[in-house]
Amino acid sequence: MSQAFTKAMARNIFYGGSLFFILLFLALTFDTDSTLPSRDNHAAITEKVAMGKALWEKNDCIGCHTLLGEGAYFAPELGNVYKRFGSTDAIKAFIKGRPKNGIPGRRSMPQFNFTDEELDAIAAFLKYASEINTNNWPPNIQG
Amino acid sequence: MQYQSQRVAKPYFIAAIGLFVGQILFGLVMGLQYVMGDFLFPAIPFNVARMVHTNLLIVWLLFGFMGAAYYLVPEEAERELVSPKLALAMFWIFLVAGALTILGYLFVPYSSLADMTGNSILPTMGREFLEQPTITKLGIVVVALAFLFNIGATILSGRKTAVSLVLLIGLAGLAVMFLFSFYNPDNLVKDKFYWWWVVHLWVEGVWELILGSILAFVLIKTTGVDREVIEKWLYVIIAMTLITGIIGTGHHYYWIGTPAYWKWWGSIFSAMEPIPFFMMTVFAFNMVNRRRRNHPNKAAVLWALGTGVMAFLGAGVWGFLHTLAPVNYYTHGTQITAAHGHMAFYGAYVMIVLTMISYAMPMLRGREAANSNRSQVVEMWGFWLMTVSIVFITLFLTAAGILQVYLQRMSENPLPFMVVQDKLALFYWLREITGVVFLIGLVVYIASFFVGSREPEASVSPAPAEAGA
Amino acid sequence: MTNTRSAWIVYLLLSGLTLFTWGVARAGYSGLGVTLLVLGVALLKGQMIGDWFMSLRGLRGFWRWVIVLWLLLVGGLITAAFMIATGG
Amino acid sequence: MDMHIKTTEQPTRPAQRRYPPGDLALWIFILAELSVFAVFFSAYAFTRAQHVELFSTYQATLDCNSALANTLVLITASFFVVRAVAAIQRDRSAETVRWLWLAVLMAGLFLLIKGHEYAHHLAAGVTLSTNTFYMFYLSLTFFHFMHVILGMLVLLVLAVRTRRGHYSAAEHTDIESGASYWHMVDLVWIVLFPLVYVMR
């Protein structure tokens, strides 16, 4: 028997192996999807929270902050900001109080001129995000 | 160059390099904002600079992939492109749409851009790397489909090689996974879950097929090693890539509200992700060592070998550093991630596109096989300046990340984010200085296109005695 | 050339050892000694599969030892973990 | 890594052979699979070390008789596969087809028995998220379960192709490759069975 190492076999392993792991990934996705309701705090998704998420996206907050650890690493984690600040009022006051021209020499958050309704929505969204079951991440309140 | 239609690759490559310059300039702006917080504020806030930096990266890599495909496919399929005109039309559409999007980021507040482009009808904007307005996304789909038609029809009606089929699978996968960017539910966990189907399954999935296929093509051309051998290893490597990389997606599902078992599945499979990159490095060196001839384009061979090494270091080693769930618990979303991102993208994708440009550009500009010796020496200076710079950028960011993790997450009295950032300033300054060196390297690289262009081509030295050993 | 007689013997041995493992489980024996014995039996079975069924027996070099090495690695790690569990 | 594999270096005496039966590409794949299982097994063992009570409690809920049956089924299938290879080496392809079909049957039987166990867990409401023990038990066995499906499909294809006369005593690398893969699936279960069902 001569030793074989053939392109055909390598190709079959590529196709077969890929299909195998795609199916496994889909199976795990299916399980995730059915397990999520117990973890993702979806009951808290009100219209206000949805509006808050839309505003979060519309102003590209992820371009500076992280949310559940994903995003840019320029500004603090906001997945737990509700817990860090202690209330939605504190979040709203912070966003509202940003100086228009920034703080000299410091990283500054822009003044977005949100209406009170918008501020409510964003704070509600961040409160919802803070109550998702994240396997106990971040390690401490500093994010 | 054997086919006329390969010429359409040239504008793609030129645009790629041009956008690359823009990416680096905005990277330097961001780097400065890290230490001088009010730099350009409020005209160009950090998030805008970042969008431009990352979006330009993605777009120029896509230009590079498309250019590579247009160059490579006719030679592999042994026929002209089905429609060079379509390729050129798509080039201009993509370039104009891309430029308009970037200008939109820079000159209109992002929320106004969202309003102007009707984001509320189908909200897809404002998510990391997918910041493009929805109409731009639709444009990308149209360009991708036209491109796939052109490439696919050429491949399927010509000679089908492993290199071109793998490239086609990679490009098709790229287009298919991008469709998940249109799914943006109110449920943040689901949003994030499927967002990774675009981002992870691109960079740790289908893009690696494109990378492998381009590398295999350049190695076949420059080493003269038997196609059977190279294609066999291409299949083994990309099989390992998908075997580890698909379930490896799980390493993004530790802390975003997804079930706890992903910590195990993600850790185990992503811990294996360095293997295909290691194989790729061994493969590239092995093929060059067994070369049957010395190709006069030494710069292209250098880029190819560099891709193997740097992809392994950046994607493999730096990825492994923080991929295990217990480690990632502390490093998630810190400068460690940024360090990994920089070296992985440079090592894997920037370098493979520059490999292809280095190989193809001399022919596209009318040379027989290679640039003059002087031009190649300058190009190699560019290679070393950029590559060494990215290594140091990565090291400085890693140092910053380790300190950040310690001060903010592990010490007895964890400090607030901004307090910690102030303490990392030294590393950010070092990173910025290294970034300037990178830019110098890029300028030197571009200069290589204009240096020695009137001098004769580098000649082929005789094949080494050990060739074929 | 695969020898069918040795295949029979290996098959019967594998089945017998499987019944032994099952018997240990049914009898409810526990404790580190028994556990490691069961593991040892499994490794032995694995070795038989590698040597005879996968025909690695007659090779030389790396592939001769690939299954042995895997079994030793896995067996070593599992043993370590079970000893830690008992000790702690 | 030695990428330079020459076919001419193979002496005919089996004692001198360097490479295992089947295609080397497949053996690289087997190595990768075995590595994943090795990591999975150690992850199980070391996690168990931290939750001995929990693991023992829920291990007791598993059906050891099914596992015994399944182990015997897999070993039998492996034996059939060995016979299939022996038959094709002697150019008896009809016999090979028969042995391969018997092996496929055994693989199907494994899936039935294991499927029955899964149905039982499903009815009891056990999922990957129930607790750490079940997470490992289900992950490991399901990952293996999928390997049995793949192995079964491989054997099926080989049976069909043998029947169509694709293989002979002179050329049957594919059968050897498929056989090696199947033995790997068996080997993994040989370790999995005591680890998950018996050792406590």
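Order of writing sets the chain letters: A, B, C and D. Residues in each chain are counted from 1.
Heads up, the rule we're going with is that contacts are C-beta pairs under 8 Å (C-beta built on N, C-alpha and C of every residue); 3 or more make two chains touch, one makes a residue touch a chain.
Source: prediction; values computed, not measured.
Visitor: Per the definition of touch at the top, where is the C-beta contact count highest among chain pairs?
Guide: Per chain pair, the contact count peaks at A-B.
Visitor: Between chain B and chain D, what is the separation of their C-alpha centroids in Å?
Guide: For chain B versus chain D, the centre distance works out to 38 Å.
Visitor: At what distance in angstrom does the C-alpha mean of chain C lie from that of chain B?
Guide: About 46 Å separates the centre of chain B from that of chain C.
Visitor: Return the distance between the CA-based centres of chain A and chain B, expressed in whole Å.
Guide: 24
Visitor: Residues of chain B that contact two or more other chains, please.
Guide: In chain B, 232-233, 235-236, 239, 243, 259-260, 265 touch at least two other chains.
Visitor: If you look at chain A, which of its residues touch at least two other chains?
Guide: 5-6, 10, 13, 17, 20, 24, 31, 35 - these are the residues of chain A that touch more than one other chain.
Visitor: By the touch rule stated above, which residues of chain C touch at least two different other chains?
Guide: Correct list: empty.
Visitor: Using the contact definition from the top, classify how the chains connect: line, ring, star, complete or other.
Guide: other
Visitor: What are all the touching pairs of chains?
Guide: Here the touching chain pairs work out to A-B, A-D, B-D, C-D.
Visitor: Which part of chain B faces chain D closely enough to touch in the complex?
Guide: Touching chain D from chain B are residues 229, 232-233, 235-236, 239-240, 243, 259-261, 264-265, 267-269, 271-272, 275, 279, 282-283, 286, 290.
Visitor: Given the complex with chain D, which residues does chain C contribute to the contact?
Guide: On the chain C side, the touching residues are 1-4, 7-8, 10-11, 14-15, 18-19, 21-22, 24-26, 30, 35, 38-39, 41-43, 45-46, 49-50, 52-56, 58-61, 63, 66-67, 70-71, 73-74, 77-78, 80-82, 84-85, 88.
Visitor: So in the complex, which bits of chain A are touching chain D?
Guide: The contact residues of chain A facing chain D are 1-6, 9-10, 13, 16-17, 20, 23-24, 27, 31, 35, 38.
Visitor: For the complex, which residues does chain D have touching chain B?
Guide: Going by the criterion above, the answer is residues 1, 3-4, 25, 28-29, 32, 35-36, 39-40, 43, 128-129, 135-136, 139.
Visitor: If you look only at chain B, which of its residues touch chain A in the complex?
Guide: 30, 33-34, 36-38, 41-42, 45-48, 50-51, 110-111, 114, 119-120, 123, 125-128, 131, 162, 184, 186-193, 228, 231-233, 235-236, 238-239, 242-243, 246-247, 249-250, 252-260, 262-263, 265, 329-330, 332-335, 337-338, 408-410, 414-418, 421
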